[in-house]
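The same subunit A turns up in both complexes below, where it pairs with subunit B and then with subunit C.
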Partner chain A sequence: MPMPLPPIYSFPPLYTRQPNSIIRRQQISSWMDLILQYAKSHNAWCMSAEGSIVTEGSESVQESIFVNNEIERSVPQVFINEIWSTMCQEGKAIGTDKGKKESPTYYILWRTVDSWASLILQWFESAGKLQQVVTIYELSQGDESIGWEFHGMPEPLTADCLKPLCHRHRATIVNDEYGKPVAVKVV
Partner chain B sequence: MKRFGLAAFDDQQDDKEYEGISSAVLQRQNNELKEQLAVFQERLVGFAKKHNSEIQANPEFRSKFVRMCLSIGIDPLSLFDKDKHLFNVNDFYYEICVKVIEICRKTKDMNGGVLSFDELEKGYFRRLNVDMGDLEKSIDMLQSLDGGFEIFEIRGKKFLRSVPNELTGDQTKILEICSILGYSSISLLHANLNWKPFRSRAVLNEMVANGLLWIDEQADAEALYWDPSWINVLHE
Partner chain C sequence: MICIRGTLNLEKSLEKDRPINVMECWHFAETTSSGQPILRENEKDILIDQMVGLYHNKSKILNRQKGRIFLTSQRIVYVDDLNPTKNSLSLELSGIESLQFSSRFLRRSARLILFVKKVDDSQVIGPDGKATGYYENCISTWVCPICMMSNETKGEFTESTDPCPICVNCGVAADYEMTKDSLSISLSNDYLKGSSSESFDSKSNDVNQCPACTFINHYQITNCEICGTRLPNSKIRQGTNNEIGFKDSRVHFELEHPISTSKNVNDEVTNFLQISFRKSDGVLFAQATEKALKDLKKTELGSVYNKNLVSVNGVKVKDEGLTDLPLLETKLGKIGITSLEKSGETQLLNNDIIFNNALTDLNRLMSLANDIEQLYTGISPKLLGERKEGGHKPSLILDREKFYNKSLFLDEIAREIYEFAISEFKAEKERLGYVMVTLVDLYAMYNKCMRIGTGLISPQEMREACERFEELGLKDLKLTKINGRVLCLASKNSFDFVKTKILDIVNESAGCDPLLLTQLLNRDSSNAWTFAIITEVLQNCIDHGDIVIDEQISGIHYYRNSYWPVAV
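Here is the complex of A and B:
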């Protein structure tokens, strides 16, 4: 059951970029909280730049978080881009299209990458999977991770979340012939 | 098959069992600690009630006691019992003062430093068993901080201003209009106060720059200027 969004979502000026920079910082951080809460309660890993949830495989057009029909307000795209870029800077979102400044879709991180990394490490430890090669598919989509918060995480994002473990020399990533990460071994 | 040496520990099955045992042990320790903490907190409250007069009489003892409460997660406000005069009654109000200042600082970037008493009471103090009377008394005490805090009234509702710049008469009138619908606009000000558009625009824009109002450019006919204290009113 998705949680209802907090009252500020119905506050009409939230949809207009505020000219006072201190207030605007507060406004953007309100938007970031809304997006994280929305994504988490819908179990959505990925959202389009327009603010609708993207699920793998289906191209269904869904309502956007930035459009509020109840009060007839919507956030202009320019301001939406400002919100996304702040989110990326603060590590609360990652553009799926790496290298580009404005990506068409974003991964939403309601936990930080480091926090996902340590959760994944916990899984490796408690499932007894240390010292074995586990495919990224198995890790994020396999039956053995059902019930863990990272279950269902898109594979490219999972690979990103494993990077902190590599830096700590706890994990080694195995790439396929195109350089795409396919498996991981945690020690 | 029985294996010896290090090889004896290689078995997957064993690993899982050890994992199970270790997490069970951790869980049990965790529960025990939680229980102990709860018992300790309870005893502490009992102790405070019993040694009430000593705590009141000895300020050093009192401050040490309050610090101890804080460090194990008891909010001193929950220890105060107004009717039985646990501690000095004034301490209760000082504690509220500190909370009020904290809240003002935390919400300043949202509302430009103007907060309604209603919001304070509903949003923060109701769950701490602090009523409107206590709140007003504490905020009265804040005024001795000389200029940092001021109480003003709009249509019978009290507001607290925590930024040092005083509100002008024009600004107060606009907040008055806002307290009816949540927003004001150039035409509303013209209809109600007979202000000329350039006067309204100047004051409204200044209030947006100060963070007292939020601008909404997507309304039908003209820009609306919203009072941020309506964020929490809209959903009630």
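Here is the complex of A and C:
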């Protein structure tokens, strides 16, 4: 059940880029909180740059978080881009197009990558999957992870979240012939 | 001037009684709070000089040693730099007999010596032919310091009056020290009537009739109440004003070396005043004063009753020019060549006369033009010299055309702007206690209201003048810069005041646009706060994070910043 958005969502100045830089920083952080909360409550891993939730397979056009019909306000695209870039900088979102500054969709990280990594490690430990090769599909979409928060995480994002484990030498990622990560072995 | 002279003894005895009689040539000069003299109607100012001191006879007048002096068409006005509203004095030009100029010599500064017309004391003669002690015949008006009742007492109320008069209201005897400020002494009316009918040549003289409009003014008035023309009947005035002892309680001054009574009598009263020029050489001022005196005398002589009257009840008053010449027959009385020739001659003669008249008029005009030219050449070299220095075209302030340099001009302008702003925003000031106006607005208003016809001032001058307020002791308004970019003339704390007000309004009605905001702010006072000011204050609020904006196609809406606290 999606949670209702906080009252600040219906505060009209939220939709205008504030000229005062100190205020604007806070305004952007308000937006980030809103987006994270929105994504989490909708269980959305991915959002388009326009602010609507992207679910795999279905291309249904949903309403954007940046448009508030109730008070007839919307955020201009320039400011939306600013919000996204700040989110990426702070590690709260990752662009799906790697290497590009602006991408059409963003993965929303309502937990940080490190936090996801330790959660995944926890799963490996509790599920007794250590020292085994587990496919990423199995990890994120498999039955065994049902009930865990990372269940349903898109595969590329899962691979990203496994990277900190690799750095700590706790995991090894197995790539397929195209260099795409397909499986992981956690020690 | 004086009608009946008394005996020499009488004169002397009076002189002894009132040694500082001559001091009465000084009058109180009304000034604005910014230190500009208030001119009378028809009065024009001619010249200003700075840093002058006043002397009476040979002794300094205390507290009148640093001020500006204004030469006007009627007076010489001294405006004190330190206390302009209280210590300012004026001197009637008509009361000056002659002047003498002594230039700067070593450490002695240049001085203009003015000889005051000696006012004969013998004018007041009692009905019995003797000079009555006029102190008994005058009425002292004083305000009781206890109950504020204004009392009238017969006789002059002085320090030595014993017993002291008793207030009719509260019954307490008045103390001279406490009442002297409110004291004014005037001759009782019935005595005046009695004396004037005897002492003046004819009945017609004792009315103060205006030569221009025939209005009969009060006898103490020097300028016609209706048209402002200077009244020539000064003997009536002097008779009442100077002799009978109307004292203006506002004039208080002390001399460095008070005149001793005995000395005064021995010296056979040389009544002169001195104006000491501390900074300038004063030559220009002296020349201008001389010229003004001359002009004044000329106009006095020239102001003939019904001057340009041509005819009274159809009878010609002036018989000169055309009428002096033999009447010319223009009708053809006879027929024939002789008559034609005759008429031709008459025609020629006629033309001659008209032509002659025209030439005379032209000559008169030329002589007037010469006068003006003389005045101009007398003053212009000095002006031109100074003008080059400042690189500044001499602008005129009202009719003030002569300034020695730009700085003086700006000082004067500053005073005028200050006065203008104060009077313009008086209503707001009274209601709200705060005034704030952008310099741009003020500039436009000031130039439109005050400078048309006298030369507009430049924005640069406006700004420089406003920066001088503090130096000149004008404290109510200050030039402030808001948001580091807009110059405003504001009274103290007005910015904070309007800011709190705006914040309150924004708080009350969230999301208001500037129009609504302006309307709400000016709800009870029309246009107290201009849009420019409001915009700047809003900008300031935004910069400080007190207000956040919601920008829409319809305009900007303002909200109180309730979500994003500003880190201190």
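Side notes on the structure shown:
In the analysis below, the second predicted complex is superposed on the first by the 187 of 187 C-alpha atoms of A that agree within 3 Å, B and C clash if a C-alpha of one lies under 4 Å from a C-alpha of the other, contacts with A are read in each partner's own complex, and residues count from 1 in each chain.
We take it that a residue touches a chain if its C-beta (ideal position, glycine included) is under 8 Å from a C-beta of that chain, and two chains touch if they have at least 3 such contacts.
Fair warning: this is a prediction, and the values are worked out from it, not measured in the lab.
After superposition on subunit A, the partners subunit B and subunit C are seen to clash. Legend: residue contacts after superposition of the two complexes on their common chain; A:S145 is shown touching neither subunit B nor subunit C.
By the touch criterion defined above, A:Q37 lies against neither subunit B nor subunit C after alignment on the C-alpha atoms of chain A.
For subunit A, the partner with contacts to more residues, out of subunit B and subunit C, is B.
When the two complexes are overlaid on their common chain A, residue A:R73 makes contact with subunit B and with subunit C alike.
Of the two partner chains placed around the shared chain by superposition, subunit B and subunit C are both touched by A:P12.
Judged by the touch definition given at the top, the superposed model places A:S126 against subunit B, while subunit C stays out of reach.
In the superposed model, A:Q26 lies in contact with both subunit B and subunit C.
Overlap of the subunit B and subunit C interfaces on subunit A comprises residues 8, 11-16, 18-20, 22-23, 26-27, 73. Interface residues of subunit B, counted against subunit A in their complex, comprise 12, 15-16, 19, 23, 109-110, 112, 183, 208-211, 214-219, 224, 226, 228, 230-232, 234-235.
Of all the residues in subunit A, the ones that touch subunit B in their complex are 7-8, 10-16, 18-20, 22-23, 25-27, 72-74, 125-126, 128.
In the complex of the two chains, the subunit A residues touching subunit C come out as 8, 11-16, 18-20, 22-23, 26-27, 30, 73.
Chain contact summary for the complex, subunit C toward subunit A: residues 511, 542-545, 548-552, 557, 559, 561-567.
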